[in-house]
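Written out below as structure tokens is the structure these notes cover.
Labels for the chains are A, B, C and D, by order of writing; each one numbers its residues from 1.
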Amino acid sequence: MTARISIQHEDFDVAEEISALTQDRTDIGAIVTFAGCVRADDGLTSLTLEHYPAMTEREIAGHVAEAQQRWPLVAVTVIHRIGTLKPGDAIVLVVTASSHRRAAFEAADFLMDYLKTQAPFWKQEERGGVRHWVEAKTSDDDDAKRWR
Amino acid sequence: MTARISIQHEDFDVAEEISALTQDRTDIGAIVTFAGCVRADDGLTSLTLEHYPAMTEREIAGHVAEAQQRWPLVAVTVIHRIGTLKPGDAIVLVVTASSHRRAAFEAADFLMDYLKTQAPFWKQEERGGVRHWVEAKTSDDDDAKRWR
Amino acid sequence: MTLLYFAWVRQKIGCSEEHVVLPSNVKTVADLVDYLRAFGAGYADAFADAKRLRVAVNQNHVGWDAAVGADDEVAFFPPVTGG
Amino acid sequence: MTLLYFAWVRQKIGCSEEHVVLPSNVKTVADLVDYLRAFGAGYADAFADAKRLRVAVNQNHVGWDAAVGADDEVAFFPPVTGG
């Protein structure tokens, strides 16, 4: 299996990421992508993401390896943006490729639950010029618990 | 909600389909895409899809409407190719956009289960110059039953 | 009545669509199948094993006992294999 | 020892990374927190409510009773909010 993990300030191109995984291959039956975007909820004007670089990369790699053990995956790509983003901006991309659709769906769902709840990111929201740190949500934790 | 359904011979561009749904919007938090490709299983050299046009479009529209009722979706795109395809070719695309990731994942999964099992398509596989009609699979039906 | 055939049903019968005027004793899908079996060898072959066939009337899946009328579109096909 | 602070822990303390030489009686995370609280007002504020904090030693989440040593990288942060 090939895996690509990137934590970056730059935006990403979904089509490029898909074609990087699938080009010249005839064993991939299913490609699932999850792209997350910043929503303009309650007048949000910007979102700033901070992370713990050494831990983020190590943990994401560990979860990708776990996904690979649980599902027959051909390739996985995880891209997470950091820094200050605006409403409508892309923030995260997970691409999973497999022979079978259920594996691709479940692995993408599993990785997103990890990224949205357990990955060492901290978010600061800005509304009307005021910034505040986002508190951890329990509903997201419930999502992540589905996989235990 | 906007919905686009197309049964076509032509290939599709995932990035274009995503940006058509998300452009200039700041209320979409999650976009899930499922792209299915033809696999070269057991020496498969081509796959030909036949469908029942009036029924396919009517049924897909019905399932998109059901997905919209079950999950808070902002937009859905379903593209299914017909005609003769080669290994590696894209065959189906589902894009779901929502404020929330669980809705986008579940709706895409639900629509794919329908398309892969219940939609009025018939597949003919070609191997070594010999064509045969694919028989309906029970494992796919089990997937579709998850939603009842 | 419009008749549509798909996949190997179409191949055995040798056409994808035809229009027929039915005798008055054809009231259900089962009657229609009995009637079509007598159309020729391809029809007899296609309709030989009813268990292998599915039917839709006006684009809705129905059972063998469903009513059919002159204005209906009736389609015969194998179980769908999906996309 | 390398100390890392993230999010509002970093803001309260006013730095993201520092290197300290520990007295020999600092053997656990809890000892370390007690020690750091005396560094200044920002530290006291950041470590005021231990329940609001999480800690990782060498990039692994650990509890308050985990051992810490001179070569460790210890990070303090609020519960992660994910991406």
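Assume a residue touches a chain if its C-beta (ideal position, glycine included) is under 8 Å from a C-beta of that chain, and two chains touch if they have at least 3 such contacts.
Owing to the predicted nature of the structure, the values given are computational and were not obtained by experimental measurement.
Listed by label, the chains touching chain B and chain C alike form an empty list. Ranked by how far their CA centres sit from the centre of chain A, the chains are topped by C.
Taking each chain's centre as the mean of its C-alpha atoms, chain A lies 27 Å from chain D. Between chain C and chain D the centroid-to-centroid distance comes to 75 Å (mean Cα coordinates, whole Å).
Centroids built from CA atoms put chain B at 23 Å from chain A. Centroid to centroid, with C-alpha atoms defining each point, chain A and chain C lie 49 Å apart. In chain B, 36, 116 are the positions where the chain touches two or more neighbouring chains simultaneously.
Multi-chain contact residues, meaning those touching two or more other chains, do not occur anywhere in chain C. Looking at which chains touch one another, you get A-B, A-D, B-C. Residue ranges of chain C in contact with chain B, taken from their complex: 4, 6-8, 10, 56, 59, 73, 75, 77-83. The touching residues of chain A, counted against chain B in their complex, run 13-15, 18, 22, 24-40, 87-88, 99, 101-102, 104-105, 108-109, 112, 116, 143. Taken in their complex, chain A has these residues touching chain D: 36, 49-52, 54-55, 58-59, 80, 91-92, 115-124, 133-137, 140.
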